[in-house]
């Protein structure tokens, strides 16, 4: 019997088979859940989510996560399709307009930063607010978002995404109080190792950044498959009293101060 | 000889004699600094900042802190007036539009939230970005913003200001890296006790909230005068290597788990 | 199929059916694990652990957790009995000699404090060191200890146990590095809500302390059964890359700043 | 007029002119304080503290910081010599017996660990407990101890000193509550950058460790002189409401996640 037998959920952000969200969707269904999938219309066009939907027998409901109308439609359709309220939701959305356009952090364009925050963080509040409005989540449900340790410490190349993640984690705490007190629903974020996704690996300097974290972490970087397993455990009834937390899934990176393996590795880097 | 002898700075956010910023301005001048004062045009109209300017012989330069143009004008005029680059700046600005209009946290109006973030947090990035653009700060300068522990823990009535403060503190860390590496300038936030300002004391439930924190803290809530002293120490050369930190000035509140004094006090509250 | 099918482990600290460790033992066996049980000789005499051993078909191996000899004997016997190396271990041991003898924190007896540390924290290092010496744990094994938030924030009545838990959590981080780098083994602590165990409920003022935390936490205090489930998830393969972490299992307590429910409850307390 | 005019204090741990404590003593006297100096009898023999005492006109009172009798004698003599209760105290003591004897962290000798804790951390509790017993500190006094970030994150070579510092910081929080509530006295720790002291620089691998932190920190490692200035600010009346805090004085190291300057530096290391 699966860990999520009989549970219903929504997975945001699956693009292709390298996406963490893709693997979470697969694992949730393998554990007995029924799900819907969603992504932005443009991502649906360029990604392979239809392939995933077919494989998992999951309906795909396009939604611009910055649009309350789209989010409400997503929740309403998911409840119709799956035959009831949601038990879990994964928010896995992030995009920096200033990074994409190579604006340095000390010379940001603020309209772009607002868009970055809207897509990457405020969408999470909007999702939860829509859930309250439509009474779309069951008691003891579980809401998760993926985040990164740049919310706590500075990785200069991560730029305004540091602030996006700080916002996201704050929304998890604040809304976690309300959903907890009203509905026994828990809200957490998973702070995941750098991961070889299509989005990540295109960024300049990503390999060095990935390898640095991999060398620093006693277990190495956490793979996407393991992140999917961790999400499953946090959606399951094994973790019902964990809420308002930011949970590091990073092979130990977050609590390392120095690891001589990093120095050995760096010595071998070519200039 | 004062701690800030020969230093130049800008103080944001003085409204009346209860404001922390008001007391910081007084203390900085008493310690030998020369300063300019700024606030939003509307605050200038309703507050008593002119009185403070007269007393301290400090020029008042109006600025909407969300306007890059106004911030650049403020920096340019301050450099002219004071005869050189800045050594310190205090950001003491916060305002929540959803709280003011009594929208609950689970039913926010997002346009208002964007305005809240813009006024309360993004203005801090804009200030630092303008400083870089105009090369307006001296080496070993010190930049401070006032924040609140709601950035780390949930105080439900604080609503979207929790996220504003999380953003603000993240900007301090991120920009602190750049200003530090380029200019030896440090950037920190002070996380201050609840304070009896004109802004704060008008909020419903503020007295209970203030007394709760006061009872919890072994030293009691930190008064505004002491916050001003702490700001002076952080502007001075006694703290040159403290950077990218969030510093609690709260009589110990942040590290208390439980204090039976709170229970004794609460028993005496009238319904 | 259970989450711990085929896994072998040792559970420290089961005294009677109210103990968290008792419930962890039951849940681990229900999930397919085979285990041994251990406690101090005196606890074996006064508790009901034999009843638990019979029920779970688990051998009971007495051990004074401050004795390297006893710990080595425990590991050796466990490997013999269970037919291989360990996959998981739970450390659930805590006892304050100064609290028991009502010495105030500002007038501690240091010999007792040393004993408190030895029993409550250093035993955890000794267990891991013995595990290394005897090569007694499998790759991708999981080691857990139970802790309390007094390691981060002050609860005056908790006295020297605050320091014991700070020590314990530091051992988890430090040894987690070594076990991770050498053996892919993870080490974490669970910071659990106040729990109605036989040990806890005997302490003066415990009810008030329990109720305070219960009112503060949006989900209420986490029950022992749920803590057992959480331990199972952390022993399972769903959490393989979580290491060197302190994980709050507390219904949200750790990230609350203020909850007016606490004030409502406190008003009703009789003097 | 100095920041510490009229204040009285005790400085532990000055060995020679490279010691942080040495520079703190000099700065305190330069700021108007009168002080006594103390160190262990053996350190007095090998160091140059007499030279410092002569220069500062400060009495030297030997004390084994693990001995309650010696600490009480130190406090009594200091009150006699300086003519009143203390206003500030600096604890700057640390020594690891397992590190000195090159025992690896996974094979510690526990008697040595107990001694390490006694010298490096429990001595701090003993000092504060003696202060309470003898009523030896004035209201609004300030107690400081020097610590290191290994209390939060793992630096494998730091070994059991990680636990010593975790203990030390926990004592500061716990005792800070009691001294705050009873006496308005504040207790804090300063978490200082790696520093070129005689003690530090003798350790194998220290140069690499120092340079790593220096490259990671946007301001570079904090020098001992600046640490002394920071101590002065925390002893002064500018920081009266800061208590139970661990304060990083590290050029930003603690909040850096990655700095490419580290990689550039590491590439240049010779094997």
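Going by the order they are written in, the chains are A, B, C and D; count residues from 1 in each one.
Throughout what follows, a residue touches a chain if its C-beta (ideal position, glycine included) is under 8 Å from a C-beta of that chain, and two chains touch if they have at least 3 such contacts.
These figures come from a predicted structure and were not determined experimentally.
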{"item": "Selected pair, greater C-beta contact count between A-C and C-D", "value": "A-C"}
{"item": "Chain whose Cα centroid lies at the greatest distance from that of chain A", "value": "D"}
{"item": "Whole-Å gap between the CA centroids of chain A and chain D", "value": "42"}
{"item": "Gap in Å, rounded to a whole number, between the CA centres of chain C and chain A", "value": "31"}
{"item": "In chain A, residues with contacts to at least two other chains", "value": "153-154, 156, 173, 176-178, 244, 252, 255-256, 259"}
{"item": "Parts of chain A lying in touch with chain B, wherever the complex brings them together", "value": "68, 105-108, 110, 113-114, 117, 122, 125-126, 128-129, 132-133, 151, 153-154, 156, 159, 162-163, 166-167, 169-171, 173-178, 244"}
{"item": "Chain D partner contacts - residues on chain A that touch it in the complex", "value": "149-150, 152-156, 208-209, 212-213, 252, 255-260, 262-263, 266-267, 269, 271"}
{"item": "Chain C-facing residues of chain A, complex", "value": "1, 3, 173, 176-178, 180-181, 184, 186, 193, 217-219, 222-223, 226-227, 229-230, 232-233, 236-245, 247-252, 254-256, 259, 261"}
